[in-house]
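Should a chain be cited, it is by its letter among A, B, C and D, assigned in written order, with residues numbered from 1 in that chain.
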Amino acid sequence: MKNVPLKGIIAYPITPFDKNEKVDIKLYKKLVERLVKSGSHGIAPLGSTGVLPYLTDDEKEAITEVTLQQVNGRLPVMVGVSNLTTERTIYHAKFAEKVGANAVMIIPMSYWKLTDDEIVQHYDKVASSISVPIMAYNNPATGGVDMSPKLLKRLLEIPNVTMIKESSGDVQRMHFLRKELGEEVAFFNGSNPLALAAFAAGATGWCTAAPNLIPKLNIELYNAIKNNNLVEAQEKFYKQLELLQFIVSKGLPRSIKAGLTILNEDGGYLRSPLKEMNQLEIEKLTDILSKI
Amino acid sequence: MKNVPLKGIIAYPITPFDKNEKVDIKLYKKLVERLVKSGSHGIAPLGSTGVLPYLTDDEKEAITEVTLQQVNGRLPVMVGVSNLTTERTIYHAKFAEKVGANAVMIIPMSYWKLTDDEIVQHYDKVASSISVPIMAYNNPATGGVDMSPKLLKRLLEIPNVTMIKESSGDVQRMHFLRKELGEEVAFFNGSNPLALAAFAAGATGWCTAAPNLIPKLNIELYNAIKNNNLVEAQEKFYKQLELLQFIVSKGLPRSIKAGLTILNEDGGYLRSPLKEMNQLEIEKLTDILSKI
Amino acid sequence: MKNVPLKGIIAYPITPFDKNEKVDIKLYKKLVERLVKSGSHGIAPLGSTGVLPYLTDDEKEAITEVTLQQVNGRLPVMVGVSNLTTERTIYHAKFAEKVGANAVMIIPMSYWKLTDDEIVQHYDKVASSISVPIMAYNNPATGGVDMSPKLLKRLLEIPNVTMIKESSGDVQRMHFLRKELGEEVAFFNGSNPLALAAFAAGATGWCTAAPNLIPKLNIELYNAIKNNNLVEAQEKFYKQLELLQFIVSKGLPRSIKAGLTILNEDGGYLRSPLKEMNQLEIEKLTDILSKI
Amino acid sequence: MKNVPLKGIIAYPITPFDKNEKVDIKLYKKLVERLVKSGSHGIAPLGSTGVLPYLTDDEKEAITEVTLQQVNGRLPVMVGVSNLTTERTIYHAKFAEKVGANAVMIIPMSYWKLTDDEIVQHYDKVASSISVPIMAYNNPATGGVDMSPKLLKRLLEIPNVTMIKESSGDVQRMHFLRKELGEEVAFFNGSNPLALAAFAAGATGWCTAAPNLIPKLNIELYNAIKNNNLVEAQEKFYKQLELLQFIVSKGLPRSIKAGLTILNEDGGYLRSPLKEMNQLEIEKLTDILSKI
């Protein structure tokens, strides 16, 4: 696999806010440091978990810069640069490259449903503006557009689109990618409850917010797969499955923030309209975490 | 119905761009003037048709101001002020009120799925910041969140949320609203191919981009309903149905722009990633318009 | 419209069973007589309401014969003859014709998804075996196959397939049929909560089990439409909507049986695995009926 | 796992017909013998592949008897006994037990959507009428009812319901079963393209028609899993995936019949309305088989 700087457990930090709903940069740096030290294999700021679409351009730039400073080359960093317009996507992709990102991730955020040709042109224009590799990200549940495996295959023909992140929750999409594109395709799983099925299907890595809460189990699952030990992978997967399902069903920013509090870590505040978990949900999460 | 400044055919202008993908204000004013003169009963800038989410804050403010100047009290104006964050939604709602909007329209744009409580709080915070009435807009296909009829009922308990726009394409949602809330509820149809079914169900108005192309037929349908003449309403509806289906299936900004060109009107350019219709689609649209 | 013996309110009787889950022919005759006297415009035994698929061949034949005897030419009778195999469908269609049915209704019951060609051949073989007109019935929720409007259009090219019953719950399917096939197409609505929208779209009739419980309102809705009085149709529709929604959501055989009991009529027993409504559901239905 | 007579590759024979669409018993015996000799670990007549719902009661009994005679104890035999009514399901279950079946498989065939309570009672009544273990089969695509994991859990509380077959195509259902019910639950995969993901999730076996065409690859996949060799399992899976996807998308009876012809085996005829594959499909299947 050429031009694929990522593999294994790619950890997604949340973007914490202060009481006045301003980005809390100091706390953010602390949370990134935790992830680097957790043993994860990459850091991915400004993902869905990092509430990218809720931030201003200035905030996005600040988060990008401070992540690269904090990680400081210890791990590869992939920055989310998705935007509704092509012009703004190019702008943020160039900024990420300039300050040292190893890769950028792009989901075709859509309000108006984009045609396949519009999506290809969108990626093509961004790709030709930068040199770092791009991960094309499919997540119909958040982005609003569902890129078919055939469209993903087209995107991979763009020179620096070298990675696919599949979050549609359908393992058969991954089968298609692998079958069509061979062992050289670098596809990543973005659907937490599919972690085992995706690795079984041959995924290169797992893009996940879970290392904010349970990094050890996430990494042990990956290692079991690397060691061709399915029995152990199964065991590690079923230990963490309930947590993975819970954080997905309740929303990642809300869940990670609540989980950090339960673990006696500061997770800051959320930005409206996103609200904190209610008491019942917090109790459920406390119970799940205590059993792990 | 109290505090409901709109009824009948509410016309949605597109936001045209120049060659460099900058908003073309001069052309926009011309397009608004066409709609006012078309006989429509209200003007709604910065809707989905007006590519609200693809505009910067400055562009939104300019469009808002210029619409009110151009309409100049001849018709009620409802301004779209939706935003992912509550803070920005309040900002734009206040701006619209300040420059004279008769109402604002808000769709709960979502990246992370919002809970019902989050949505209610979002509307509540905006509503308590302004005095003009609010139209709550449900459109899962573009906004990404589907507000149940029960949630819409909750929203209507907020004093200045007085109107509902339903674009889910399910006429049974409208039945529910009418049955639950009685004849006093002001619900508007936002799904063009449901125009007849919605009026039959008792809709107060129809929010549509179609008056950019076929204002006469739109208004004749409404008048037939007002005259309790279902036979005539059917006839007027089936005459325009193919166009309504086409512009929805191809995307409103793309379709209206192409339709204006076919009618020898300048519709400007689109902003990337949105692209012009292809030749085949333009031919189809030409054929549909020629038969009307 | 040629060869279309039905219009207006087509009433579907239930098939009642005795305590031992045997068909209760005597009670069935009484229920059919009630429907004939109710003012409905046609009678349709062996529909979904009549639990066709749960009956043996002998039971189907008995129900067919006894319906025609009881109706005795007072109203047109359309008999359900659907079966998984083509051979059995032909058998029952011929039987229905022999004993005097005015039409037969056929839904392409599927276990294995049928291709469009298989469905066309299925109808074609049955149609060429009989002379009475056929109503092609689309109901993906019970039959398991969803016939596209385009496929329905193909079926209408078979000489004695002259009627379509649409129960997909999507009014736009009806718009398509009318637009493609013109005013001469006889399409019937089979989705109770869409009764008003379907008549507004131009439906020739409404296939419904509701006349077992509220025949007067059903017929008043139809008459208002015939009189081009949309305002009155709306009023009549909203009066019965809650009942229509309830009987659909709870299943027609269960609901009609319970409703008959509430109205002090004997509805007999159900055949397992179908079970009676629970007490809470019966109370809800009692409440709905008492308000009408 | 108690009372679980099956594991590994459970092979489903087709039911072949002669030119006049009568069951061809002689050919059926030959096809069963092929499956026994193929190395499969169990034989399952009268499944979806065996077109159970298209057969008369007499035909079902003949197929049941002849299967047990032909297998003659060499492998466990599980007979499909599903029927729309509870009475007929009991009848066929008792018959299967009487002639020596090791287990029966039951899908809750539904025309009217069954409530959870109705489904539980249906299984309960059948289970209490026989002593052999029951596999509860979930396949919304053919059976028309989708049993939730929670309902499946309830069914497993019935003493001789000891096995679950999941064909919903959602690997997360299997995760739920395993997590809720522990390692002792015997769940089987019925969705061919999920074969690898299901085994990775801990499935006890794979219910499949594929051994009619590619028994060696099916068994090699299972053996790799048994040997905890995920790398080899992946390799074996991707070799057969295209075939698995093809036979599912085109319908199993049609596909297996065509595949047998391509392999120079007699597969007999289909019963209407099911039709042979067209030439293009046969060529595609020939190509897929030739590459294996």
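Basically, contacts are C-beta pairs under 8 Å (C-beta built on N, C-alpha and C of every residue); 3 or more make two chains touch, one makes a residue touch a chain.
The chain lineup, named per UniProt: A, B, C, D = 4-hydroxy-tetrahydrodipicolinate synthase.
Being a predicted model, the structure only gives us computed values, none of them experimental.
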Between chain A and chain C, the fewest steps along chains that touch one another: 2
Separation of mean Cα positions, chain D and chain A [Å, integer]: 39
Centre-to-centre distance between chain D and chain B (centres being mean Cα positions), rounded to whole Å: 52
Centre distance in Å when chain A and chain B are each reduced to the mean of their C-alpha atoms: 34
Shared interface positions of chain D, touching two or more other chains: none
Pairs of chains found to touch, sorted by chain label: A-B, A-D, B-C, C-D
Residues of chain A touching chain B in the complex: 21, 48, 51-54, 84-87, 108, 111-115, 117-119, 121-122, 125, 141-142, 144, 251-254, 271-275
Of all residues in chain C, those that touch chain B in their complex: 169, 171-172, 175, 178-179, 193-194, 196-197, 200-202, 225, 228-231, 233-234, 238, 241-242
